[in-house]
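Letters A, B, C and D name the chains as they come in the text, with residue numbers starting at 1 for each one.
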Amino acid sequence: MSGNTIGKIFKITTFGSSHGTALGAVIDGCPAGLELSDRDIQKELDKRKPGTSKITTSRGETDEVKVLSGVFKGKTDGTPIAAVVYNRDMNSSVYEALKNKPRPGHADYCWKTKYGHYDYRGGGRASGRTTIGHVIGGAIAKKLLKTLNIQVIAHVTRIGNIDADEVDLDKIQKNIEKNAVRCADLKAAVKMEELILDLKEKGDSVGGIVETIALNVPAGLGEPVFDKLDADIAGVLMGIGSVKGVEIGSGFKSSQMKGSEMNDEFYIDDTVKTKTNNSGGILGGISNGMPLIARMAVKPTPSISLTQKTVDLKKMENTEIQIKGRHDPCICPRVTAVAEASVAIIIADHLIRSGFIHPDSL
Amino acid sequence: MSGNTIGKIFKITTFGSSHGTALGAVIDGCPAGLELSDRDIQKELDKRKPGTSKITTSRGETDEVKVLSGVFKGKTDGTPIAAVVYNRDMNSSVYEALKNKPRPGHADYCWKTKYGHYDYRGGGRASGRTTIGHVIGGAIAKKLLKTLNIQVIAHVTRIGNIDADEVDLDKIQKNIEKNAVRCADLKAAVKMEELILDLKEKGDSVGGIVETIALNVPAGLGEPVFDKLDADIAGVLMGIGSVKGVEIGSGFKSSQMKGSEMNDEFYIDDTVKTKTNNSGGILGGISNGMPLIARMAVKPTPSISLTQKTVDLKKMENTEIQIKGRHDPCICPRVTAVAEASVAIIIADHLIRSGFIHPDSL
Amino acid sequence: MSGNTIGKIFKITTFGSSHGTALGAVIDGCPAGLELSDRDIQKELDKRKPGTSKITTSRGETDEVKVLSGVFKGKTDGTPIAAVVYNRDMNSSVYEALKNKPRPGHADYCWKTKYGHYDYRGGGRASGRTTIGHVIGGAIAKKLLKTLNIQVIAHVTRIGNIDADEVDLDKIQKNIEKNAVRCADLKAAVKMEELILDLKEKGDSVGGIVETIALNVPAGLGEPVFDKLDADIAGVLMGIGSVKGVEIGSGFKSSQMKGSEMNDEFYIDDTVKTKTNNSGGILGGISNGMPLIARMAVKPTPSISLTQKTVDLKKMENTEIQIKGRHDPCICPRVTAVAEASVAIIIADHLIRSGFIHPDSL
Amino acid sequence: MSGNTIGKIFKITTFGSSHGTALGAVIDGCPAGLELSDRDIQKELDKRKPGTSKITTSRGETDEVKVLSGVFKGKTDGTPIAAVVYNRDMNSSVYEALKNKPRPGHADYCWKTKYGHYDYRGGGRASGRTTIGHVIGGAIAKKLLKTLNIQVIAHVTRIGNIDADEVDLDKIQKNIEKNAVRCADLKAAVKMEELILDLKEKGDSVGGIVETIALNVPAGLGEPVFDKLDADIAGVLMGIGSVKGVEIGSGFKSSQMKGSEMNDEFYIDDTVKTKTNNSGGILGGISNGMPLIARMAVKPTPSISLTQKTVDLKKMENTEIQIKGRHDPCICPRVTAVAEASVAIIIADHLIRSGFIHPDSL
């Protein structure tokens, strides 16, 4: 059944696949009066665009976006905003050979089982290209967030066995622009890039961790008991292709902590704050005004050129495949744009849900 | 706004708080013809009931459930199933003192900010007692799952710094019944219980990890791109109070792996299987027929009796509190019932969403 | 699948059937801080209660309501409000005879086809008794509306071939309290009551029209293009048992009018008003500040004691039945309470949707 | 807030306005394996296209549709189907003069109040052109319905004071193709066309009634108590611009009937049928297998060229306007396509909801 919409008030419906005609999104529930241009969306799409460095796929897409509706004289008018990106540089030929041989680590087998008839070219709608829809929605969400001075930044904190050192919040944005890995620890970034290139050469790939930070989120976002802010963030991040884990604040470390260590004590500093931020800005599913911290574990790109064992679904026998095509040896750098977009969408939705932004007009 | 419903077809709406009149749930979308009795639900509630061992709170609740609707002559009739548990052993007095002093690690401050007027007694609706609603819904979900031979088991794999060894899938259920911690590694269970009791004595608490396994889940569950099976599981598990992290299959370990290690190769064994299960049974957000594995990181219970720093929201000044009341030094054992229920609800919903169970009648 | 919830932010989920244990509703999305007592709900339930006059069924139900959650110290606390009414005076015996013989005009046959196993006693969940849930939700909606001085009144304008004369808006409320038919034209009311009693004696029943008026609804409610205010009102009214038609403003008469007659011209009277109100207060699906007028056509009660032809579903042959039990010869008077509740629920939901009421707290 | 999506499983999200770049729809939840081409959609769009006869507007739009996604090798693939129609023949100049002078009978004033900043050209998103989205969704729904031999036909039964005689179900489709009014009574059709042209000449407009019939709908569609089939149909039809009333089966006539007249008696004719069809194919909100009959009252087009009184919202004073531009003197003929589409969408959604069509693949 349907499953391509996210959000309860600020709603994003996305469409399109890797090798189809176009990809895009319809954003419904954006209040009227928000300044918005194609350029605002293009800027975000450019962050996830392929082919911008040595460590990404060489597929040559400009990913040029065109807004079709919902904007009047430079401002949103409260009606649905449809935006489209046409596919240009498709090379479907390599996928014909893989048609009945599901690629390990990919969704091919699951899609075949579920839909019978499906677009297997380049992963079809299971492709990372579908996150173009996320980023379109996220670009508009970010514009909404900006009206409340809320900022969302995602950066890479681990690639394989290389962990980045912690970097001051105010330097992260600046540092990640300086390297292709989008890692704020510039020394680690060098090693990460080397590792990625090394594995690329070997026909292999590697995973990592992406951390998303949201600053200036007001206290009070999140709807108990099922639509909690952390529940919604966990859902959207886990839903990004290749993500296998999500944690908030101290995350998995909390499992090893004592209450006396984990609890963030409150104090007055004009407003109410906590000294530590083990909670990652969310308590009981509701934001507490501290920086919101979410990390996601990204698995290594399943498309590797090494020979792999699989099955032939037609003959129902074991076989082997070698995947050709153009792939990212590590998707972490590009997926930061998707993480930012996803978290921004959730926050924008909750800002309206909780009355911080008027649902009809700014 | 509203946020107390989960599911798209098989929908659970829960209500009630720690110290109110009653708690319960309305389950809408359960097909007609499912055998169901109060006893089926009671059995599951008893697993999360307080006061069953030395390591849980001493609050004396029988948590007796009564079904009010939706069942006719021992079978569901396709109409909403309402079920209620009345609160009995409430002791609200201790909470009056804490009214304007938010407990560190708790949602008090967030609720005060969000709702102004709220029930602060025992956490109100932010209390773990609200998971009674999850368990009611989960009990019915499990009955549905049973018609397809699907089984959901949650067990404790870590308490603080004690990690359980891996145990064969077929022994987990039996072993967890043998100890209060619900850990399948019986040796580790002894140490875990000691650790919990030790911290209880010290007025402290401890976190842990709960793993949920679902067996015999058919391939094909999960709706790309936002309503993926792993996205929905991550959302529901992160939404359980005190959960700070969720991972599927290899989870956070995948961030350190290479594609050639992570990819689960396919082979034929009557049907299509994978040799390893790093994916945790989900690829591209859709189940692949292998066991579904989800782990969640549970923080230490925030209610500890040690003195803690906090603020007085009325006077807007720093202060200290000592929390009295009856609390679990570690909620992991009891939260296994909630994890099972939550995952069962998501799977039941997806079974109907994907046509494995008829939406109107069995 | 599930279908027992209405509203997008202010959400009502109802449960229960004619001869089950209890009926009730869970209201999720009511902001915190609204004064609410059992009495507020009871008052509305009493309007639809059976047995209050000669022209209603003699089933003796007190329909006493009990709030189980969501209210703290006399005010809503932002969490779900569950309220329950237990069935008392059930007489199921008469229905056993009808088990396989669907009553003409009733849903029996449809339920049997759809659910197989269902509660056929007294219509089960297809009974008018399920509107107890509507009225509980409506009572809370009305309290919300009152904070903005919005009033919702339903009255009977036709019974069979007797049409009421138009009555000034400010007299309607007073007049309908004076007669059992709840008709504002007191002369017509007398004739209507005679007609109903006459048909009751003959073992027959009669239909009518109920008009619902909402005063002081602000301009700006309604979400184009599918969630328009009139679309939502039409949906909820048509969903009330026995309703076969809904119209707004001039309704079906508009089909015979010219544009120059139908268009309501604007003029300034402090604010913008229209001289006529053919639109019934809604233009393009959005409220325009004029009184909101909705009428619904109510069919005659299908339960009549005259012999009727039907089929035996077990033997698959034609047969006859005579319906016993206690029935309203005309449900119009009692259904006014349901119409008010239904329209109030929709308006309350839209007031929050459109930012007139804060979603979290008053 | 958002309101541009209809359906619970088979979901249509529409976008675009009268004078923007493009209009379109995203259909999510269409199972894989349905044959679908641009031509299938174009055929339906051509029915509502302007400029096809003397009695419609002369705006010259080809309304050419292009499918962007969701179709692979001529069949749907289970992913969202996006389809777009670009606006070509826009003439916005005439609307500048009306910017602050709301047109009587139109949504201008309501939109201004609600959104502040909005696209006032040609009604913007309140324009009848937005029903292009309905028709795109309906075209796909009809293809789904065809797999179960279900047919949906809408025809005009009244224009102004001219009522069509009843026509046999099997002749309706053929007859409506023979005249521009789409009326099955060919004699009445002639008079209707004359009336429309006469009023067009006088700068006026006229209303009418459109009846929609669905044949071969299986018994069992509709979800009590809020998502009833008739409730959903009433909602979608009332949401079409200019519709002021909806009725099912005997509709408003039922208000004048006795139970003994209204009740449709059952009999066996292979399957269970009713002799009469006062219910219009729906009992208790669930289809009963008889032809589904829904009528809607369409008000006269509010755009008339006669001088009308209105207000100047900037100066807040009374004024007059004369509307130029190109308008339909009666939208009934063209709105039949929208009625068919709308009812088809609802039925398609309910067929999946009730398990008659598999949610993932045909």
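Here, a contact is a pair of C-beta atoms (placed from the backbone, for glycine too) under 8 Å apart; a residue touches a chain by one contact, two chains touch by 3 or more.
What you see is a predicted model; the values in this text were computed from it and never measured.
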| task | For copies chain B and chain D, work out whether under half or over half of the interface numbers are shared, and give different or same accordingly. | result | same
| Contact-pair overlap exceeding half with B-C, pair selected from A-D, C-D or A-C | A-D
| message | Let me check something: if the centre of a chain is the mean of its CA atoms, which chain is farthest from chain B? | response | D
| task | Take the average of all CA coordinates in chain A, do the same for chain B, and state the distance between these two points in whole angstrom. | result | 26
| Which whole number of Å gives the spacing of the CA centres of chain B and chain D? | 46
| request: Please report how many Å separate the Cα centroid of chain A from that of chain D, as a whole number. | output: 38
| request: Would you please write down the residue numbers of chain C that are in contact with two or more other chains? | output: 1-5, 8-9, 14, 79, 114, 125, 220, 224, 353-354, 359-360
| message | Please output the residues of chain B touching chain C within their complex, sorted ascending. | response | 1-5, 7, 9-11, 13-17, 20-24, 26, 28-29, 32-33, 66-70, 72-73, 75-82, 84, 114-119, 124-125, 352, 359-361
| request: Give every residue of chain A touching chain C within the complex, in rising order. | output: 8-9, 79, 220, 224, 353-355, 358-360
| field | chain B residues touching chain A - in the complex, by the definition given at the top | value | 1-6, 8-9, 14, 102, 104-107, 109-111, 113-114, 123, 125-126, 130, 133, 158, 160-161, 199, 204-209, 219-220, 222-228, 230-239, 241, 244-268, 272, 274, 278-280, 283-289, 297-304, 306, 308-311, 313, 316-318, 353-354
